[in-house]
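Take a look at the structures below.
You will see chain A twice below: alongside chain B first, and alongside chain C after that.
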Partner chain A sequence: MAKEERRKERLDRGIKARTDGLYAIQSWREVGYLVAPRAGLILGLLILPLILPGLYWQRVLALAGVYALLALSFDFLAERVGLVCIGGAFVIGVGGYIAGGLNYYFALSPALTIPIATFGGALICTLLWLPCLPLRGIYFAVVTFMFPFLTQSIILAGGLLGSTEGLSPVAGFPNIWVGIYLIMVIVLLSIFGLRRLCGEDIGIVFAGVKDNDQAVLASGINITRVKVYALFIATAMGCFGGAFIAHFSGFAGLSLFAVDFSIMPIAACIMGGPGTMAGPVLGAFILAPLSELLRGLGQLRVVLYCAVLVGFILFKPEGLLNWAARKYHQFEHWVKV
Partner chain B sequence: MEEEKEPIIKVRNISKTFGGVKALNNVSFDLLEGEVMGVIGPNGSGKTTLVNTITGFQKPDSGEVFFRDVKLTGLPPYKIADLGVARTFQIVRPYLSLKSYKNLIVPLWSPRARRFAGSRGGDRDAVAIDLLEEVGFERDAYVPYKLASALPLGYLKRLELARCLALRPEVIICDEVFSGLSMSEIASMVPLVENLRIKGASIIMVEHRLRELFRVADKVIMLDFGEKIAEGEPEEVMQDPRVKRAYLGEEIEL
Partner chain C sequence: MASKLDRGPIEEVAAVDILIYGIVNGMTFALFAVGFSFVYGISRLPNFAHGALYVVTGFIAWTFINSAGLPFWLSIILSLIIVSLAGVAIYQFVMIRVRGMPISEIIVSFGIALAILEGLRLQGIGGFKGFIGPGYVLPRFIDGVVDTPWVTIDLQRLFIIAVGLFIMGFMWLFTHYHKMGLALRAMAQNERAALMLGINSDRMANISLAIGSALAGLAAIAIMPLGNINCESGYDVLTKAIAVCVIGGLGSWGGTILAALTLGLATTIMSVLGGTMWNNVLVFGLIIFILIVRPSGLFGQQKELEERV
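After this line comes the complex of A and B, so read on.
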């Protein structure tokens, strides 16, 4: 009985309690309070390439940027539209082969191939997955997961697009800074663009499809069309990533269909905080370099992803960013009961 | 002189079976323009299946449904809603992660609502809050901004109705909007339906609450084991011995 009971009390900070989402700003201090996390993200991503030692880590960072785009598009589709799509490898492959092929066969410059691969690739992915869109939950996930293996087999069996050799050389960027800052700026634009989109009316409709698609149908909206819009946006981001890899590595080959591109976005999303947009990006920028550090382990890296997944699901299911946001928006202290 | 009213919904010989169960058996009726029609029947009599077949959520095995001259049978649900036949769900289907008024952005974004959106079309938030007030939400800085997951059932039922109204429907099909509500909540919802009727909407009300239904209905049909066993004015139907039997069971001699 002598044991004294304590519990943690959480109180919202003034600005949060007062307005909850619709911020009514009262002072410069509060402006700073709101701007700081966003500015931190922007400056962090822009300064990071400058402070990294050497070419190797800069390349790792660029690759992490591609993973961040994939994690972002996974998060958007899964948490905001309710489509669990784990076909990241397919999207990367389509984007990479389009950009690589256009450059290899027709000698188009990256300034042309990347936009063509982004939107053309998104169109191809969306059209191919269109028949699967009425599938829900795990079934859509399984179908999308299967696609990269299927395409790999077709390329190998048909001896298409350079077969096992791949397409090489593919023109690179003028220098590494162009490449790195291209991907960083696109990641930032994608985060803020998607967040804005989800606040718009079409984003509300996406959320409606996720929460209750039958009610959206009863509202006179063709849910397949809504899902197509979302899928196009998400696959465009992935196809950009694929095209970027093709030009950044000077090579478009079967490695673009690596299963890592499908799996790691999920781990990054769960680690960073599902539904937060910035969280999965953060997760990707932690997991991708970590996975490079453990390159010596080879295929055992998959074990790492799984350990991260299981660990976060068990101990921090809200993810890093949701946890950090709570700490940021609330006071916490122990009180006697 | 009462003018001749045209039927707005024509249901012809609808049948639907699930496995061996006949959910609907050769049901036909007309809903006239501006009429409020009640559909009653014991649990499992096929009322919700009837709503689902009219609105396209389930396809009937045989029979047809017409909206004016347009055949609804075979159309997908969103096209039927787009034509102006809106429904509510018996088990409410709100978007729980959205604020109440944001729930109405979805129907207001639909092609049909946008066709009707006048000069205020761009300001869907304001239209949504007006709609919530129309179905009886308090117009304050609080309730419309609550998450739908924080609303009690009474409000969710109103939200269902508001989602229909956002489409400016010509026919509203209410699937048990009163079920699960307290007496006082029902009492405050009845005027809503009366208002809709005054505004000229044609309404099909599937209901268990006979007392409230009979206050607003012009006509009632009764389903039992998927068959239409009675049709007529509320008083007539209530006197029908088959109706009494279906609801109360056989009279026995003591």
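After this line comes the complex of A and C, so read on.
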């Protein structure tokens, strides 16, 4: 009759408790425990391009880096500021077209066009989305999702910016190593920069806007201004990605507005672990090569891809990194109830 | 269009043409949108699989008619039943777990939609050829055209108007006078209060998805005979449904119809003036404009404050 019930008990490892405070620096083992995951990420991203076989996979890796940037900015906006922005394709498109256009029409070098595209593009995106900022949840998501389609239709219907052919050629990087290490370094800087930002005062205000914007308003802070800061930072990362793609592929065209750039970062974020910053990056570096591997399968690829996505949301909503962090910090065993 | 000999002055003909085809176009928009609007209005679930259900109905009906050889009406009824069950399955097995998390709801339902639409195009697995090509056409209810002094219109387009009006009227009566319809509206207004009055919210959400999917199916059966069945139209239907819902305001029947007719007329006029290229610009531009200027849509009143602004 009475069914034996068990539950999983989780306890922090001793070393986790010890490394929480200042005492961590007392032994190499504890310093190692703290440093290992971070060093693993940094070294992993820096060494990965060296050990990959051939140009093809290096290009895939660079593309994965762009997806990682987008996933990071999606994660930052959605989980830290509470703006669910699924218009990654628009941001990429704006950045890509600015960089591509400057290079194509005025022959500026990538060293100039990329910074201009990053900050100018972020400014444009922020200004265009400024009127939408009062919207919340699914409505902000729908508006931002519509923007790439709108721009695409305008470019097509008006025959602007090279229309269907796009702008080509756009100057590439001197060699592939410059490109690939540029994106890797930017990804790393963004992860640690955003983490630091979220720990500052403004990060607390971001969290406040996400959880209870009325309370933030009541303490005399202009929430629209705070959202604008966040949006500018996030779109700057996306625009950099766009400019990078334009120069890396030597082409700026309508493919920059592909839905992939809106959907894939979300998938990466969900797979990697929402709200963890490093998780979405991990997710992007898993998903992008995976989808390249499955390219031969044709339509089945999309079906599998969706199955993975839905499966993760339903059965593992915490994502890979949260799961891994739990394994790293805690041990668990079954106890009788 | 047929010859315009022995008809009125050309401007008059063009105006009536635009009006009639605009109304038909508007009714198509309305048919696309009712199911989506119904589900979202009642259970707050953005069912992004709406377009996929629309396409699926077409293919199921086609299979019943052509491969199984069932009579037309029977296969329509069967496919509607199947698609409602699919809607229930989507809620029961998937959506129920993510309810209340908007972004997960969108991703999950969009994931299902992508899986269905791309799955229908799969080729070469188990000898399945994939539903691609112009061969997949649903039969019209009755073939024929109506000739008036100004315009020639085929019966199927008139049927679309009739079906649209019938659905609107039926749904309005159902949600205002039937006990279950009232329960659905109660849940839309205040889920907790409805729960306290003994309305099972999960069952109501199931019912709303079943009805919403059946409405998508009905739209498919009425509209698809005009062209062939293809998977791409699934995305198109979804976009148009969202456009109508956003512009008209969710949970408002009048708003939905009005927005659909406006969009229908506007796109028809647009394609006469500037070519169909600008249609998408118009639709997306309107959505963004309306959301920014009047976030609850032209006629939406429900939960305006806490949800949008």
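Assume the second predicted complex is superposed on the first by the 306 of 337 C-alpha atoms of A that agree within 3 Å, B and C clash if a C-alpha of one lies under 4 Å from a C-alpha of the other, contacts with A are read in each partner's own complex, and residues count from 1 in each chain.
Convention: a contact is a pair of C-beta atoms (placed from the backbone, for glycine too) under 8 Å apart; a residue touches a chain by one contact, two chains touch by 3 or more.
Note that the structure is a prediction, hence the values are computed from the model and not measured.
In the superposed pair of complexes, A:Pro317 makes contact with chain C only, with no contact to chain B. Of the two partner chains placed by superposition, only chain B is touched by A:Gly220; chain C is not. Judged by the touch definition given at the top, the superposed model places A:Val84 against chain C, while chain B stays out of reach. Contacts of A:Asp201 after superposition on the shared chain: chain B is touched, whereas chain C is not.
Greater residue coverage of chain A by touch, when chain B is weighed against chain C, goes to C. In the superposed model, A:Asp211 lies in contact with chain B only, and not with chain C.
By the touch criterion defined above, A:Glu165 lies against neither chain B nor chain C after alignment on the C-alpha atoms of chain A.
Across the superposed pair, chain B and chain C touch chain A at no common residue.
The residues of chain C lying in touch with chain A in their complex are 46, 94, 97-98, 102-104, 106-108, 110-112, 114-115, 118-119, 121-123, 125, 130, 239, 242, 246, 274-275, 277-278, 280-281, 284-285, 287-288, 291-292, 295, 307-309.
Those residues of chain A whose C-beta lies close enough to touch chain C in the complex are 78, 84, 86, 131-132, 134-139, 141-143, 146-147, 149-150, 153-154, 156-157, 263, 266-267, 270, 298-300, 302-303, 305-307, 309-310, 313-314, 317. Put simply, chain A touches chain B in their complex at residues 201-202, 204-205, 207-208, 210-212, 214-223.
Across the interface of their complex, chain A is touched by residues 55, 57, 76-79, 81-82, 86-87, 89, 93-98, 102-103, 105-113, 124, 163, 166-167 of chain B.
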